[in-house]
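Each of the next two complexes has chain A plus one other chain: chain B in the first, chain C in the second.
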Partner chain A sequence: MEAQKVEMFIMSNSKFFESHQINGIRERLIAIDDSKWAMISTIQLKDPTTILIVSILAGSLGIDRFMLGDTGLGIGKLLTCGGLGIWTIVDWFSIQKATREKNMQKIQQFLY
Partner chain B sequence: MINLKKFKYEPGEHEAETASNSYLMSLIAIIMGLPLPIINLIATLIFYLGNRKGTYFVRWHCTQALLSQTSMLFINSYGFWWTISIIFSDENISNNYIAYIFATLIFNVTEFIATIYTAIKTRNGIHVEWWFYGTLTTLICKSGK
Partner chain C sequence: MVLSRNKLYSILIMACVAGYIWVCFNMVNKQSVLEPVEVCFIKHFTNIPCPSCGSTRAILSLTKGNFNEAFNINPMGFLVAFIMLFTPLWILLDIVAKKNTLLTFYQNLETYLKRPKIAIPLLIIIMINWIWNINKGV
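Showing the complex of A and B:
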């Protein structure tokens, strides 16, 4: 793929991935075929900051986990009132990383 | 008591953030879980389990946080139930009780300050080993992989 397109993609989406993953994504994007650009440019990535805000406000209902697509964990969190509040606290600190990893999984479907 | 050491490798930005979060999270859990002494241990354990497949640096610091919280549990639980028995039963406040609570308080404050210091240093990628806990963590946490 064209380097300019790749750089544009990286610039506008770098906050959705872990810093150490960016180089790998860049290299992979350059290597893949141009026909995949349409799909890659329309991927809906989750914003870690938005998920963190949801986690702080509605974490005890498991909404953050539902948004990420972890329905099972979301129901577990909902039924246990956020793991009696403990799971909610843990998720405040781990949800951003989980979001970035979900985004990575999503983009990997198109990269490989 | 606290040693700044060089880690086996230079930890990346994302590793430093997660490792620092393990200490910060235990601080928040202590404050939210007061006066129950077990909340912070459960929270640290969940965080540790969530990161058990993480990199060596992250696992090492999660383990150190977990070990320090475990020792806190025994000391604080004894003090907590002793206080409960004084409030709800015939037991009186003795000199032993005051001495124990005073010692517990000093231990907790020291641990609290050490945790804050470690969280700050770890966030900058500096490896912090605590007296006793650091050696124990190195024995438990295998670099493997």
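Showing the complex of A and C:
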């Protein structure tokens, strides 16, 4: 793919991925065919900041995990009042990383 | 998060062990004069019980055989008690037989629960339970 398109994609979407993953994504994007651009540019990624806000406000109900698609863990959090409050606090700090990993999984379907 | 077999099993075992410790702690603590320990964030800050507040008390009355009382405190206690009883057994069976039936079951359940036809009724049940919880002031 054209380097200009790839740079544009990276610039507008870098906050959705871990910093160490961005170089890999750039290399893959340059290598793949141009026909995949339509799919990749319209992909729906989850904003780590939004999930963090949800986690702080409604983390005890497991809503953040449900939003990420981890239904099983969400139910676990819901049934235990957010893991007796401990899991809620742990997730305030780990949910952004989890979101970025989810985004990486999503884009990987199109990259390979 | 992509859960591997060992990761899922260790999370479940840790959760079960923590649950058993919590139940035992509450059993011992109930006889003393100490104030009951509240860990629920929502209840602590807003004074409104969350959907699963009262599960501990429900499980405690289940251990005494009071099924009606447990249902009246919080029906979710049954679900939690069921999970706490059967997950360790299932994990043990899986480890002995070197299979991953629980992992497959967990993944299938996740995709099954994401269907709107299943998710919306469950959500409504939880909301009704929550309203009931608030009304009876668990």
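What we mean here is this: the second predicted complex is superposed on the first by the 112 of 112 C-alpha atoms of A that agree within 3 Å, B and C clash if a C-alpha of one lies under 4 Å from a C-alpha of the other, contacts with A are read in each partner's own complex, and residues count from 1 in each chain.
Quick note on the criterion: a contact is a pair of C-beta atoms (placed from the backbone, for glycine too) under 8 Å apart; a residue touches a chain by one contact, two chains touch by 3 or more.
Bear in mind the structure is a predicted one, so any value in this text is a computation, not a measurement.
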Fit or clash between chain C and chain B when superposed on chain A: fit
A:93 touches, of chain B and chain C: first, second, both or neither? first
Chain C versus chain B, contacts on chain A by residue: C
Partner chain in contact with A:101 - chain B first, chain C second, else both or neither: second
Partner chain(s) touched by A:70 [first = chain B, second = chain C, both, neither]: second
Partner chain(s) touched by A:85 [first = chain B, second = chain C, both, neither]: both
Contacts of A:38 with chain B and chain C, given as first, second, both or neither: neither
Touched partner set for A:18, first chain B, second chain C, both or neither: first
Angle at the Cα centre of chain A, taken between the Cα centres of chain B and chain C once the superposition is applied, in steps of 10 degrees: 60
Shortest CA-CA distance between chain B and chain C [superposed frame, angstrom]: 7
Chain C-contacting residues of chain A that also contact chain B: 83, 85
Chain A residues touching chain B - in the complex, by the definition given at the top: 18-20, 83, 85-87, 89-90, 92-94, 97
Chain A-facing residues of chain B, complex: 12-14, 17-18, 21-22, 24-25, 28-29, 32-33, 39, 42-43, 46-47, 50-51
Sites on chain C touched by chain A in the complex: 1-2, 15, 18-19, 22, 39-42, 50-53, 55, 76, 79-80, 83, 106, 109-110, 113-114, 126
In the complex, chain A residues that touch chain C: 60-61, 68-73, 75-76, 78-85, 88, 98, 101-102, 105
